[in-house]
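Data first, discussion second: the structure below is written as structure tokens.
Per-chain numbering from 1; labels A, B, C and D assigned in written order.
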Amino acid sequence: MEVKVRPLDCWDDFKKYRKKYYENYLEAKDKGGIRWAGSAWAFDPVPHGLGEDVYSLTGEPYGATCAFFQDFSRECLENIERQGVARDLCGYMRNYWGSIVLDKYLLADGTLVEPFPKPDFNFTIHICCSHAKWYHFAAELEGGIPTYAVDISVGPGYMLDDKKIEYVVRQLKDAIPWMEKITGREYNDELLIKAVYAEADAMSTWAKICKLNQAKPAPLEEKSMFSLYVLNLINRGDPEVAKLYYKLYDEVESRVKRGIGALTYEQFRFLTDNPPPWAFLKVYRYLEKEYAAVSLGAIYTFGLGGGWIGMDEKGEKWIWEPAPTPEEAGVEITNRDEALRWTAEYNLRYRASWQHEYSHWIRKQETYQMVKDWKADAMIMHLNRGCELWNMSTLEVRDYLVKNHVPTATYEGNMADPRDFDEARTFNVIDSFMQSLGIEKIS
Amino acid sequence: MTVAGIDVGSKFTKVVILNDSKEILGYSNIRTGIDHHKTVEEAIKEALKKADLTRDDINKYVATGFGKISVPFADSEITQVVAAGKGAYFVWPTARTVIEVGAEESRAVKVGEDGNIKDFALADKCAAGAGSFVDAMVRYLEVPLEEFGRISLEAKESVPMNAQCVIFAESEVVSLLHANYPKPEISRAIHDAIADRVASIARRVGIEDDVLLIGGLANDIGFIDSMKRELGTEVYVPDKIAPELVPALGAAIAEL
Amino acid sequence: MGKDVERLPQIKQFREWFEKRHEYAKEWKKKNGGKVIGYYCTYCPEEIFYAAGVLPVRILGSHEPESITRPYLHDMYCPFCHDTLAQGLQGRYDYLDGVMLAQSCLHMRQAYFSFADRVPNIEWSYYMPFPHGVNNPYAVEYTKAEFEKFKASVEEWTGTTITNKELDEAIEVYNKNRELMMKVFELRKAENPPITGLHAMEMVVSSQMVDKREHNEVLESFLEDLKDVEPNRETGTRLMLIGSEDDDRSFLEMIEHGINYPATFVYEENCTGARYFWDLVRPEEDRLMALAKRYVYRVPCPAKDWAVGRLFRRRFDHIEEIIKDYNVQGAIIAQMKFCDPHELDIPSLRKLFEQYNVKHLTLELDITQPIGQFRTRVEAFLEAMGEEDLFF
Amino acid sequence: MVTIQESEYWKWPETVWVDESKNWREAEVISCGIDLGSVSSQVVLMLDGELYAYSNLRTGSSSSESVDKALKSVLEKIGDMKMEDIHYIVGTGYGRVSIPFAHKTITEIACHGRGANYIYGPSVRTVLDMGGQDLKAIKIDHRGKVVNFLMNDKCAAGTGRGIEVVADLLSIPITEVGPLSLKVYPDDEPEPVSTTCIVFGKSEILGLIRKGWPKERILAAFFRSVATRVVELLERVGVEPEFAITGGISKNPGVVVRVQDMLGIKALESKYDPQLAGAVGAALFGRALYLKSKK
């Protein structure tokens, strides 16, 4: 069937926001503001309490931007390897370090600026084997930037208890005086509370948007989602971000009502799992053009930026329903303790990407349920050499999907190291997969 | 109708000519030169000669293999996976697990009782180059290829070797040579290492009898022996036709 | 008349336990009728199992090439997790009743889950959340809370209740084992250490395989006999081994016996060596708190060693002490292929060594070791430290 | 069944040489260095630390035979010298363990360091040696003693062999691949093929052949990646002038030129064959060891 298509109206708003984000970090000092760097998973609302002129640089999205601009990426990777850094480490991290060593800073549009703007402090979390050590080494490369990492490795949401939440909250509490000391600023709890509300709104709204993509035809395809979900990874504590997601929700909802799709012709619906090889998004374009195949999303794009109910309390079934915001939960946040407690619990419990690394089973359920709920015909997995965490369990999941009659293909690559990607081999996988399923090329 | 299946591989180009009743009229297998188009022409010419046919007798051409784009006049193209599956199903209908080992690429295809492809796996980055690894090793050992397979059967012990990377395995072979290990042991070590790596691809789709081995390396009795040991099950090789011709055959069948 | 260490019965015993670990466990089961648990990471509080009458044994690899794990674990995960899972899938651990992991790196994590799911004889498995942030002040309390749940679960599984008395005994046995092995290590500070790194590895790894009571007995007589051991080999360069699971005999043999130049390991900073046993449990009224402190405060695995507030690595402080105490001249960094936590420390670690003028060589370990290439690297490494008189 | 190995493009010429102007009978110490590599074997004879004769042959499948052959060919060329006339023999290289009559073995790292010092003079501080299997970056002092060295990690193994592989792939004699690759250098230099792994790089090269790239462009892309890998290793060990390249690779302008330009340093040149560095170093150590034993 022919499908009506039209570009997203709020596309430019998202592009603009992201562009400004990287500029703000660069120019922060001219305005007497504060810079901090950390993982996209760091508790972003917390530094917001230092003032309204506090600007962050989150490492993974920055690494992805580097990777997208292949030539700069190669330069980063080769330079950091010359420092004796191993090749198989996190791809984002190596781009980030390389950028520091080259003393070049990359803006969203690919413009390079010198020098690399140093943060006043690093504030991150530790959940995979790299996060805290990433910023530990970055701090050493930058000559000793104060660094604080919050250990959040307390297990999946459905197994949370007060002791575990307390463990995280207490680390967050200590972080505040630590930040005050470094920045010489007085911490403002009102700003923290505002940011905590904003975070939940933004993440739960993104989840609602993702759900709209269950419609046939799918109103969004994953390639554009990459530019949309990212705001939740760079500055979700900013109420502006939540507002943009409301706007996007309304537009996507109306697209669904009017049967507007992402592709002119939707022959095949598939899901992915890992971060994509950023330098080779042509993989998605190829599937669209040659096979009218739409990528509906991934536990990556959905799970990273979204708040979801996730595993049921028995740990048997994954529930792809948006997580409640404070209002929806009937909670009122009035002080620092409540705010920290909320953001800790919300993230630990509902951030999908923090759940599936505590067992193959969770990731199997999460993925399988997504295939069902989004009415996908198949799964195309990226065996991502660039990320131990995201690539964990992938082959077990593949085995599980195949046994449950979900056609599954895998291709090898690296989200942020172009040297690990073999184009010919990848397209060969895709063609073989489609042919074996009897899906004809449309061109 | 007469169909020619053309498999342009990285090392060899094969052609198989079939008629409606799926009888093989002719075939060829020549080294792939730098000029793929020229190679393809030669391969077709040779196959036609064997079949005692001319170009005009061919109704359809089907291309497969890594260089399939070098067959501009092909009526259709199919991937190696489908070619291997179809070819294998024809020469060995009870084959459920088809393992193809070529010079650069190895793949495993799960074929259903209906001949449809149920699942497949291609070599990961680090598992590539099995076939050409053998060439290099034959050069080091200075034994003819036929010998190379046979002597591995005479090995008394198996020397464990890094099985994940051909290049690294190669360095180890050199070390073994210099440590004056007997050639049979070294040959066995090499075959085991390749079998180990190829098996790791095959296991991804699951080992289900019959296991059929195709592609150039299926001519190497040392390799077949190692595969049997590695998989702990019988491993078959096509009897009707040379194992490296199966994908070209599969390509031809696709149009019949 | 001095004794030859190689001839000591205890060395033979350690080696036998090391080689016949599975036979031992099966025998132990027959004798005691108890359960045997396999654990994955040295953060497992073995004392709790021991107190419940369960024999905890460390799951390690066999260093043989394998392909059976490849459908479940991608190639980019470390040789150790492939090798250990392969042991389970091949039925080598068919006597285990359960498997346990104290939260560790991602590699071990997924090997553990595949092991628990796919090894048929596993009736009980336990994934214990364990803090990565062992350098933050709240880790101990969190750990203690997890130990409580863990203890309860073990009690439920074994149908026993673990009393304080039993915990105290277990702690005593384990502390004793730690103390004795520290004493043995103490002797390696000598100009001519009585034992090699290979001996030390077999001693420590065997302690992870057998009933610690038996191991303690052997250790005690071992310490006695070591008094009159006369080192009959040239010590040569004093080496420190930095690594993780370094239980590949061929690797240690190659370095200590297969090179043109003498060299001896005097300390192993890894989890088949010192990192496993180095710190003691300091008894206190709350037993689980005492245990929690030991496991949180022990010399950390690189996976758990990172900055909180100020930039430091606790493991590095320990390494500095060892360099001084053991008069370390060279360091072999045995880098498990794909092990990110270790790789993440290496650039800074190299700086540390250079600061102390300790020469260092990095070797990347796989399931099997390319002895040929390694020999060249190690030999050149040792050559560069000596042979002065050949230059005139 | 088809025979795969008919092309021999990877083969390179062998040489045997004697300095007729010297009389070995006048020498106080006759030392011999044997570098038994994975691809080639060199035997060097020195008279009181001065180069006298050498052979440079391909290594066969039996290292002991290869050594005998290499040694015999030198002695035959000299004519009247016998094994017994040699005072001290040092073995080095991959196969050093299998040279029965060597008095001592020393690694190729130490030998290349020492040899580079002789071939290029005492100003050499950084030596690059690329063998069939291994890449070595060696830092030496004014005496040619190794101060520090680095060898390639697993994923960059077989770089040297890779050149043979590519020569075969393109059916071009190994001695010509380098010069040919420079035809497009530097102006038309394409992106390098995979700088990590030669297996990976090879599959990329096959892709380029399929795309119909001209040989010189393919070779340029390949040598670019080799050079990148080499430079990475050199920078990790820290390049300090003077800089010299030993081993077979020094004869390949495709690598040498690119490495020099990327480093911004020119490699030293010498009247001697740099492929002999290992054996020369071994022979020099042989002399030292002999004199030491006499003390």
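Quick note on the criterion: a contact is a pair of C-beta atoms (placed from the backbone, for glycine too) under 8 Å apart; a residue touches a chain by one contact, two chains touch by 3 or more.
Everything numeric in this text was worked out from a predicted model, so none of it was measured.
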Intersection of contact partners for chain A and chain C: B, D
Busiest interface, counted in C-beta pairs: A-C
Most distant chain from chain A by Cα centroid: D
Cα-centroid distance, chain B relative to chain C, in whole angstrom: 44
Distance from chain D to chain A - Cα centre to Cα centre, in angstrom: 49
Mean-CA-position distance for chain B and chain A (Å): 42
Distance between the centres, which are taken as Cα means, of chain D and chain B, whole angstrom: 36
Shared-contact residues (touching 2 or more other chains) in chain A: 83-84, 383, 385, 395, 420, 422, 424-425
Interface hub residues of chain C, defined as touching at least two other chains: 70-71, 74, 337, 366, 372-373
Junction residues of chain B, two or more chains touched: 66, 124-126, 168, 171, 174-175, 178-179, 204
Chain contact graph, described as a line, ring, star, complete graph or other shape: complete
Contact footprint of chain A on chain C as seen in their complex: 70-74, 76-77, 103, 105-107, 109-110, 113-114, 117, 127, 129-133, 136-139, 141-142, 145, 302-303, 306-311, 313, 335, 337-338, 340-341, 343-348, 350
In the complex with chain D, residue positions of chain B that touch it: 10-12, 29, 31, 33-34, 36, 66-67, 69-70, 104, 125-126, 128-129, 132, 134-136, 138-146, 165-168, 170-171, 174-175, 177-180, 183, 216, 219, 242, 244
Contact footprint of chain D on chain A as seen in their complex: 78, 81-84, 87, 419-420, 422-425
Contact set on chain D toward chain B in their complex: 1-6, 10, 36, 38, 60-64, 94-95, 97-98, 132-134, 154-155, 157-158, 161-162, 165, 170-171, 197-200, 202-203, 206, 209-210, 215
For the chain D and chain A complex, residues of the former touching the latter: 153, 155, 194-196, 200, 203-204, 207, 228, 232, 235-236
